[in-house]
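Please find the structures below.
Shared between the two complexes below is chain A, which pairs with chain B and chain C, respectively.
Entry: the complex of A and B
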C-alpha cells in the first residue's frame, strides 16, 4: 500500500470486491458482518440463514438407491449398492441367535450394533478428488480432510444405529427338519446384504459434512432391496427381480446435522465491549477458510412434533475454540431443530 | 475375491461380497431374452445429448454430459436396465508449476479419468486401474492437439474427469449365459468419446485457448445374426454395445470439425477392407455432438454477458453498499 501512495494515486484506495476478499479475507468478512445494523454475510445470507437443500433421488442405474444433493454450490452424489455376503464368508465369530428375529417384528428394539458394525455391513466411502475443489487433486491418497470426513460419517451411521440388522439379514427356514420331522425347522442365517455407500462430491462450497449426510439419508430412504432367499436346488442365495416383493430399509429415526462456524472478529482497543464474534450457519468454503471454531449438532425430532420436548440430540461435535459456551449452544440446538424441520420437509418431498 | 485392504478407506468385509443373482435370469432363458434391448434408432441417428457447463464454481472450468439410455426403462424388474452415460469434467488451472518442477515452455496437461464405484454393473474400486489410466492417456492425446500450450509457459492444468455412469461392453445377459460378447471393451470407446466431448467443453468454459473445439464420436461395425444372409455387417454411428449381439469393430475419434483434423483415434476389432469408412462414420458422429457443444457454449456465453451487462447497470447502486478499504 505504501507503493500505491508513493505514486500519487488518490488518497483513498478502493478494491473491487473479489480482490478485497482474496487479499484480506478476514477483514472482508468482518466488514460485511459489521456493516450497518443488520449483518449480512459476504454470500448474501444472514448469519443464521441455512441453504435449502435440493434433493434428487434414483438417478443412478446401477444402484439400489441413490441421491444427488445440492446445498448451494456444494453438490454431492451418493449411491447405495447392495451386495450379498454369504454366511460362510463372514469373518470372526459372530453367532446368529434365531429367536431375535421373531421378536423384532413387534417393535422391540434389539441391540444389533455389534452385528452391523462388527461384520461391516455398511461400507461408506467418500471421494473428494473429483476436481470438486482446487485443494483435492487426484492421484494422491485420500487427504486427512477426506479421512476425517468419512470417519465422522461412519461414526454417525453407527452411533445412531440408523440401519436395522433385521433388514439386512437373509434367512432361510428349511421346509422339513432333518433331525426331527415333527417339529418345525429352525431358521438359519444364510447371509447378509452389505451396503456400499459411495459418496462422490461433484463440487464443494463448504459444509461438506451436512451435504454428505443428507445425501446418505436420501439414498438410504430411496434404497430398494430385492427379496433374497436361499434356494435349495441352486444351493445358494437367489433374488427375485419383482419390485413388489422387494423391501425398503426401515431407518431408525431421522438424524440431521447442522453445522455452524464461529467467526472471531478482530477486536479494536477502544470498544472491546462490542460483540465481534458471529456464529455463521451452514458456512461456505470462503467462510470455512477464515473460521477456526466449528460446531456440529445432530438432532432427531422424529419422535414427535417439532419442539424441544421431543428432541433427541444425537451428537455434538465442537472444535477449534471456546466462543460457543453453554447458553450459546442452547441457541444453536434450537436453530438445529428448525433446520431439522426444513430438511425433513425436503427429504419427504413436501416442499 | 478378497480385496486388498486400503487403510485410508473403509473396506468391505474381508470375506468378499457378490452381486445378487436374480432367479429368473438363470431359470427362464426366454424371460432373459425378453429383456434384451434393441436399437430403435436409425443406423446414422445419434442418441440425445445433454450438456451443461460451469457446474463447479470453484473450478476454472467444468462441464457435465449425459447421454440418456435410448431403450425405455422397465419398472417391472429390479434388474438395472442398460446404463446411460454420465460424465463430469473439471478443469483446475492453469496455475504456476511448483518451484521444484523443471522448466516447461508449454502448458503441462494432466488428465485423470476415474470411474465411480457405482458407474458400472460390476462395482469398481477407488484406486485407479489400468483401464482408467489408459483412458486418461487417450484423453490427453486428444486434448493436447487442441490446446495452444505455448501461451502458458511454466504452468500446468489438471483435467479431472469423473464417470458417474459408463456405457457397458455388451448386454449383461450375454456375459452370464453364452459369452458371445467377444472382444470386450466396446463400452470404453463410448466412454472415451464422452470424455473428449465433456473435457473439451470444460476447457472452453475455463477460457483456455484452443485451435478448435474437439469432439468425440464413435462408429461401429455390427453383425446382424438374425438376418438370412449369414454375415450381414452394418455400420452404425454412436453404437450402444448392449443393443447389439455382436460388435465386430469399433472406432473412436477426437475430431476437429472446422480444420478437418483428427487428434486421437482408437480402433478395435476386425475392421475388414474399409477402415476409412469406419473412421468417417466416427467423424460424422463427432460432428453431431459438436452441434450440441457449440450451442451450449454459445448459450453459456450469452448468459455470462447478460449478467455482466446487468451487473454494470446495477453497479452504481451497489457501490454505495460495497465495503471499501482505504489505505
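Entry: the complex of A and C
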C-alpha cells in the first residue's frame, strides 16, 4: 500500500475554499471566472448579474422621509430631515427675483441649480457604522472613502438638478399691498426648506455608491414637507399640523447608477490571446478588493426613450485602469439602461 | 489649443517637482519617493501611493479627497508599483492660481481642474524618475447646449472664459489616455447621449494621443501606410486644429528638453 502511493505523483496542495479566497483572492476569483463558459463569480452570480435591491420606505418616524435599502449584504439607511432656513439667515447675497413660480412646467424648466447649490439647500452626509466594513476604524475623522462618497453623491444631486427650488421655497403674499391697495401685493420669499440627507451604512458589501444613491432617491420620494407659511400676526414662519396640507417633493427625473468593476486576470504567458478581463456588474466587497478599475454609469430613461441618440446618460465615472474603452462602454451603457428598468420597478413598488 | 507651459525640477528639496500653467490654471507638484512608509499603509508587494491635493484657498475639503482618490486610482495604474515594494510615493499638488471666472462657469469646477492635476502629477513623477508603465495625457471637452436645431460644436480644452461665454453648458467630459492609447479615466457630467459621448471620446483621443503619423519615426514604420491615411482623413473631419497639436507630442517635447538638460555635461566638452 505504501509502495503504491509512493510511485504516484504526490497529491496537489489543496485548500478549503475559504482559505484559498483569503490567501490568494486574485487567483481565486480568476479560477471561478475561467472555470465555466458562463463565468460564474465566487458569489454565484454571473458576470453581468446585478443584485436586486430591497427597499423599505418610511421606517423612521422622526424624519420627513426615510428609506432602508438592501443590496445583497450592503444595507444603508437614509433619512431626510427638513429644517427651515429663514430669509435673514441666508448666507451670501442671493436675491429672490419674484418671477412667477408657476412657469415651472415641463418644457419650460427654470434654471434653479444656482439657487439650490448656492444656498446649500441639500446637505448630504455619509456615516459608516462601527463594524460595517473591516477597513473602517471607528472613532476617527471621516475617511477618504466616506468623503469621496459624499462628494460623488453631492455632485450627482446637483448635476442632475434632482430637487426643484420651487418645492423648497417658503413664500408669502401679503393680503394687502401697503403701497397701492388696489393692486396685488408682490410675493415675498420668507425662507427655504433645507434638506439634511443623512446616509448611514449598517454594512457595506461592495457597491456603496449605488446603494446610497438608491436610498437617497427612495427617501426623497417618501419625503413629506409640512405646509409652512408666514404668519402676519406672529411675524414668523409657522408649520401647519394638518397632514392634508403637506406636500411631496417633485423630483426631476429618476437617475439611477450602475457600477461595474473590471477584473484583470493574470495571463499565463504574454502570448496568451485569451480574454482574461471580466467586467463584473454590481461588485461585492471581495470583488472590489481585487478589482482596480471601476466604471459607474448614471442613466435616466424616464422620458421613455432608450436609444443611443437620446439624452439618457447623466454621468459616467471611470478610473483605475484602461480595459474599458469606447466599444466596451457601449455595452455597459446598455446594461445600465436595463438596470434602470429593474430599479425603477422596485422603487415604484411594481415588483 | 494653447500648449501648457511647464517648469521641471525647480524645487530642490523634493525628489521631483513641476509647475504647470495652462488656461489660467497654475499648479505646483512635488513628488517624494521611494521613501519609507508608515507601517499602517505598507503594502508587502507594491509601493503605496499617497496623493495630497491642496486647494488655492483654505484647507482641503471632501472635494479634494475625491480628486485625490481619482488621481490615486489613475496613477496607480501607470506607476510600476511592483518594482518598489514596501515603499511610499508621495505626490503633493498645490493649486496656485485659478482663473478669475472659475466659480461662475456653471460647470463642476473639480472637473475643469482635473486634467491639469493629472498633467502636473505626471510631470512631477517624470521629474522624480519614478518608473512608469506609460505616460498619460488628459483633456476637457465641453458641450454647450444647442438651441433648437443648429448644433453647436463641442469645445476642446476650453478656458474658463470660453465656458462662461458659451453658457449654458449641457455636458462636460474629462478624458485621460495612456501613452498606448487606452482610456484611463473618464468623468462625464451633465446630460448627453451615448453617441455624443462616443464623439467626445474620439475627439479627446485625437487630441491626447495624436494620429499615428505624427508619432516618432520608428512608430511610423510599424504601422501600414494605408491605415494612416485613413486615420488622417478622419482627424481632419473632427478637428483640423487638433491635428496640428497633440498632447502626446507636447509631453514628448517636455521630456526631450528635460533629457537634453540632463545630458548637457556630456555635450559641453
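One rule holds in what follows: the second predicted complex is superposed on the first by the 326 of 351 C-alpha atoms of A that agree within 3 Å, B and C clash if a C-alpha of one lies under 4 Å from a C-alpha of the other, contacts with A are read in each partner's own complex, and residues count from 1 in each chain.
Operating definition for what follows: a contact is a pair of C-beta atoms (placed from the backbone, for glycine too) under 8 Å apart; a residue touches a chain by one contact, two chains touch by 3 or more.
Just so you know, these numbers come straight off a predicted model, no measurement behind them.
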Margin query: Per the contact definition in the header, classify A:13: touching chain B only (first), chain C only (second), both, or neither.
Written below: first
Next item on the list: Would you check which partner chain A:91 touches, where first means chain B only, second means chain C only, and both and neither mean what they say?
Entry: first
Notebook entry, point to check: In the superposed arrangement, which partner chain does A:147 touch: chain B (first), chain C (second), both, or neither?
Noted result: both
Notebook entry, point to check: After lining up the shared chain so the two structures overlap, which partner does A:173 touch, if you call chain B first and chain C second: first, second, both or neither?
Noted result: neither
Next item on the list: Give one of first, second, both or neither to describe whether A:247 is in contact with chain B, with chain C, with both, or with none.
Entry: neither
Note to self: Going by the contact rule set out at the top, does A:267 touch chain B (first), chain C (second), both, or neither?
What the structure shows: neither
Next item on the list: Would you mind checking which one, chain B or chain C, touches more residues on chain A?
Entry: B
Checklist line | On chain A, the residue positions that both chain B and chain C contact, one per complex | finding: 142, 147, 150, 154
Check: Tell me, which parts of chain A touch chain B in their complex?
Finding: 1, 4-5, 11-15, 17, 20, 24, 27-28, 31-32, 35, 60-63, 66, 73, 75, 77, 79, 81-86, 88-91, 119-121, 123-125, 127, 129-134, 137-139, 141-142, 147, 150, 154, 194, 196, 198, 200, 202-205, 224, 226, 228, 231, 234, 236-243, 246, 285
Checklist line | Residues of chain B defined as touching chain A within the complex | finding: 8-26, 55-59, 62, 69, 75-84, 86, 88-92, 110, 112, 114, 116-121, 123, 126, 158, 160, 162, 164-165, 321-327
Next item on the list: Would you tell me which residues of chain C are touching chain A in their complex?
Entry: 62-63, 65-66, 68-70, 73-74, 76-77, 106, 108, 110, 168, 173, 178, 180, 182-198, 201-202
Check: So in the complex, which bits of chain A are touching chain C?
Finding: 111, 113-114, 142, 144, 147-148, 150-152, 154-155, 158-159, 292-294, 307-326, 329-330, 333
